[in-house]
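First comes the structure, then the notes that go with it.
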Amino acid sequence: MNTFGRIFRLTTFGESHGPGIGGVIDGMPARIPVDMDFIQAQLDRRRPGQSALTTSRNEGDKVEILSGVFEGLTTGQPIGFVVRNESQRSGDYDNMRDLFRPSHADYTYFEKWGIRDHRGGGRSSARETISRVVGGAFAMLYLRQMGVTVEAYTSQVGSIRLEGDYKDYDLTKREANDVRCPDEETAKRMADLIMEVKREGDTIGGVISCVIKGLPVGLGEPAFGKLHAQLGAAMLSINAVKGFEYGRGFAGVEERGSEQNDVFVPSEGGVTTKTNNSGGIQGGISNGQDVYFRVAFKPVATLLREQPTVNIQGEETTLQARGRHDACVLPRAVPVVEAMAAMTIIDNILQNKIWQN
Amino acid sequence: MNTFGRIFRLTTFGESHGPGIGGVIDGMPARIPVDMDFIQAQLDRRRPGQSALTTSRNEGDKVEILSGVFEGLTTGQPIGFVVRNESQRSGDYDNMRDLFRPSHADYTYFEKWGIRDHRGGGRSSARETISRVVGGAFAMLYLRQMGVTVEAYTSQVGSIRLEGDYKDYDLTKREANDVRCPDEETAKRMADLIMEVKREGDTIGGVISCVIKGLPVGLGEPAFGKLHAQLGAAMLSINAVKGFEYGRGFAGVEERGSEQNDVFVPSEGGVTTKTNNSGGIQGGISNGQDVYFRVAFKPVATLLREQPTVNIQGEETTLQARGRHDACVLPRAVPVVEAMAAMTIIDNILQNKIWQN
Amino acid sequence: MNTFGRIFRLTTFGESHGPGIGGVIDGMPARIPVDMDFIQAQLDRRRPGQSALTTSRNEGDKVEILSGVFEGLTTGQPIGFVVRNESQRSGDYDNMRDLFRPSHADYTYFEKWGIRDHRGGGRSSARETISRVVGGAFAMLYLRQMGVTVEAYTSQVGSIRLEGDYKDYDLTKREANDVRCPDEETAKRMADLIMEVKREGDTIGGVISCVIKGLPVGLGEPAFGKLHAQLGAAMLSINAVKGFEYGRGFAGVEERGSEQNDVFVPSEGGVTTKTNNSGGIQGGISNGQDVYFRVAFKPVATLLREQPTVNIQGEETTLQARGRHDACVLPRAVPVVEAMAAMTIIDNILQNKIWQN
Amino acid sequence: MNTFGRIFRLTTFGESHGPGIGGVIDGMPARIPVDMDFIQAQLDRRRPGQSALTTSRNEGDKVEILSGVFEGLTTGQPIGFVVRNESQRSGDYDNMRDLFRPSHADYTYFEKWGIRDHRGGGRSSARETISRVVGGAFAMLYLRQMGVTVEAYTSQVGSIRLEGDYKDYDLTKREANDVRCPDEETAKRMADLIMEVKREGDTIGGVISCVIKGLPVGLGEPAFGKLHAQLGAAMLSINAVKGFEYGRGFAGVEERGSEQNDVFVPSEGGVTTKTNNSGGIQGGISNGQDVYFRVAFKPVATLLREQPTVNIQGEETTLQARGRHDACVLPRAVPVVEAMAAMTIIDNILQNKIWQN
């Protein structure tokens, strides 16, 4: 379904080459100042055409707020919004009306609904993430009042990995380069790889890491609503994501309990843990430490080279993508990861109010 | 929340040392024969005390069906069920009333609700997964009518990995050993490691792999309801899970699009793909190929050795677990992974009916 | 579906002649003392066989709590519970296996699911309301801490109406007679009518009125979640209910706005209304006045006299109910109305916490 | 919350004097031809300024579809839409910024959220029903393919009642007059009353009746999802509604079971009922007969005469509404009742697919 969240709920609509992309945010707390520059800045970080590394489709991606804001403040009422599609070159997709692009949603959508908007992937286009960024920006307006920060960054492109972990870097520096990696030298190598792959008409995957700081203890629910299960579902719903891990993740399966356990120690007026192998979550509930996780993105499926495929009659043919496409989705996906994380967190903060006396 | 699913919904209750564990299954299709032996057999695969590798807590774990079944058939009405706790030795936990076990939910539950049932983890105990296995068994009764199979197996314990992928093994052989690994020789090495770790009073993690065969095209929803996002949320909600990946997963981020794309080819009366790097899901929707994924489990947090910790007054103390515990959760988690997968799939099969004419 | 509520959620199961009736309460606030005598007393008010006016099926209806309560306090975890069916005389229903009782759910259930438990209505039996009464009793444990009271009473049986409105009576007196009408003289006339109808093997309908006092301002949501829409849905979900009205209701449609409007006047430290024609709700949100409403119940469909009907082959036949049945459902429905109201209110109180800073 | 429905889901946004009113329809079946003239015609039936009986606010209320429709067909993807507000005279409301209009949502919204858009009621304005009419029109596009019709009409204004029931009239004639009553002579008397009340600066209530024909057997769910409970919740969520009854409703409480029971009789190839006192629903599930119900509307709260009230400081003052208002909401509410009924029915038709093999 096209709704995310339980208390803070984002419902999205829109296709790549239709009139526009938008949504409705329901459950936004009231009387929060709406910083339109901040919201637009988040969209600009996701915007195509922002650098040499990204697609040259040049969309302004200007958001119009249709409701739920009065005299600069949220009112607690649903916030409708729309971003008009402007730089559509639907003609680029005429040759795709009758064929299925490999590793895209063309075939599955067509089989499921018996109809699809073939232009730019229609509903399955990553342009849908515009709505997520708007929803996430509203969530962040609330989170920053509470001192919660959400910072994602590109930690791997192909086989080039950022060494160490988030504590080794000043994450604000991720915005100083087009890749959104906090280490300038690694960022440069990643950018070079992306440009090389692009020249070959090929694409490449990578990993985005994310850390959430300043969380209160108590976010998340038992059983099926564990905080990391919600974060995982949020991340896995982003186009091209193939994996999610938090805390010690897959690497930690080789460790022993005596190595991985986070021993409790007294801290001023309470309790803290000596290490944070748990990734800030124990029993599905935040423990006040940093929550950190990693998200795997596959290489973009659209290649700017000829590929074999079949058409809707089931006959063999070849596909030559025209359009304007990213060779690597990572740089533009960083704000999307942040947005999904921010919405998950605000949803759990609001939900946790229910348990408080 | 304690409810899983959208159409086929499992709501669970119960604590480790309370009267019992149970739940309600809502949305089970009508007129399905209820094979009680099959359901109990699934519980027996999860049961403690089933082999030398697992905890010696010896529970019969017999399920009683309270409703929704009439003359051996499901009626479409909610199925209430309960498994009584029998082998409780609550006294084992007396010393834990006032302290927090490292990397358990003790601290977070206590902070969130101001109260916790400290005996055996209470609600946060993995005994909660009994309800999941019952729910999954009902789902499987339906799935096997449709020719869908769900097979999980232990593919890694500590650093011992099963070579190759699921196609290289006869997965029915996973039940021939206590580890639930389909390769006898690897299983033996895994078992040895678990016994070694157990002797040290320590614990170890691992990976469970799962493959779902026989799926129709079209399961899953766009945007936030992608099939793999639902599977990921299901798996990440299982106790001790730290990561989820499907298809080429984390390893695939290093590949190029030209390597990873699954090229479409004609097949008898339709379309198929030459490779299945996508893991059976494209654009969030099943494409008819096998769906396969991997789930990372951390080492069990309860150690049978002394650990430092703090008590609820925030003072330093030490913890010496008594109780009866697993040194490695993997063998007993295999049926839980299958159950969660089965419930996710039936939910999507039922949901997909909405779109069919 | 078999779940009621959004934050405080009751999921129910059980058939009239199966092993038992029960449910799961999810979202109950933590650390509330569990007064088992109070809970059982609510069930006793609903219990069959409690007076000459009701069916002679004599069930103890003792509730067993399976989880979510620790050392006498709620823990915030789901509360599983079950009431065993004891006084089953399934043989009474042998003759109904193959025919459809008029104005019962026999035909519609059979057509919808292709199978039904014909014994005593199975899932469609009003015994299902046992679970509602348990859920409502837990809700009341919380509400009484907040000073909120929920009082329902029989205000009409057949054409015998209680004069005036709730302010004219001491509602605690409703429990002094078997009809649950707060006026002794009217109660006697109602009881006489019920006994007369019963002697004729016939049945009769009536109206239950309910008033909720002590509510804070602000309960309810805009658009589809208006407080009275939620209350209406709750009441209309009770077996045999045919109508719901609140405030001035149907009678008020003949009035002019100048008569019906509730003029605001200052009160100590705030604002109140001079009249309460709105029934305590304006724009879907509670305004701090008493919320009051009326619920119409049809005559019970089971007659202890011969009726014509058809069997499942579509052939004409006659039906002679045996079983043990109420001639008027009103006296036993009073605690059910209260339970549904209490659950609706706690759900909105918890939901409203989300909006509070 | 601002979402209606379970499978077919409408999420709405918008204020009376903001940029626009709109929503997202999720769950619309694919490949349904989108008849824009039909959709706009439904909006025109709800439009202000359509006759002398209604407010003179003159809005075009033209709907723009933003997504989910491709080459004239629905795609199964979410349908975003917006209706721009054009004829805003916000200045009319300047004097209401600081006071509470009697029997409006001004006070409760302000208390709940601490902020409100005072212009024309903001979110609580009946302009919100525009989104419902659009959602209902899409539902009807599907229902008419299935042969289901939904017809509402004004059956009472003040104390002027339409005699008899829906079978006594040709309901298509309701569109021949401004009141939307199928009897021309009664309609004229109703119109005269409305004009008289309007001249006095006062308002008047009434009843809308609705009948749904052509339903299959089996719509609705047990326990809390009874079809009439869903219809009741839908109707009670419409602004100004105070009551809902179906079948014999409140009047039927005076009847005996032997009078009200609907006896089953054989019909060609199946079963039908001799009478339809049940209103087409038994045990919460449709039985194939006509579903009919009545909805009570209170008199409009805005009077064009002076009323006493208090301001947000709690001081007494007087209110003189300017603005443009209806003296009777019934004529324009007829398409809203139909829309809510249509959405409830499509939701249940889609939901019922889950149970079908």
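Here the chain labels run A, B, C and D in written order, and each chain numbers its own residues starting at 1.
The rule we apply is simple: contacts are C-beta pairs under 8 Å (C-beta built on N, C-alpha and C of every residue); 3 or more make two chains touch, one makes a residue touch a chain.
Treat the numbers as computed from the prediction; the structure is a model and nothing was measured.
Using the contact threshold fixed earlier, the set of chains in contact with both chain B and chain D is A, C. Repeating the B-D interface, with the same residue numbers in over half of the contact pairs, is the pair A-C out of B-C, A-B or A-C.
Across the assembly, the mean Cα position most removed from that of chain A is the one of C. When the C-beta pairs in contact are tallied for C-D and for A-D, the bigger tally goes to C-D.
Where the sister copies chain A and chain B meet, the same residue numbers recur on both sides for over half of the interface positions.
Inter-chain centre distance (chain A to chain C, centres taken as mean C-alpha positions): 46 Å. Per-chain Cα centroids separate chain C from chain D by 27 Å. Centroids built from CA atoms put chain D at 39 Å from chain A. Along chain C, residues 1-3, 12, 27, 30-31, 76-77, 112-113, 123, 222, 355 each make contact with two or more other chains. Looking at the complex, you find that chain B touches chain A at residues 1-4, 6, 12, 100, 102-109, 111-113, 123-124, 128, 156, 158-159, 197, 202-207, 217-218, 220-226, 228-230, 232-234, 236-237, 242-250, 252-267, 269-271, 273, 277-279, 282-287, 296-303, 305, 307-310, 314-316, 352, 355.
Listing the residues of chain D that touch chain A in their complex gives 1-3, 9, 11-15, 18-24, 26-27, 30-31, 64-68, 70, 73, 75-80, 82, 112-117, 122-123. The touching residues of chain B, counted against chain D in their complex, run 7, 27, 29-31, 76-77, 222, 350-351, 353-357.
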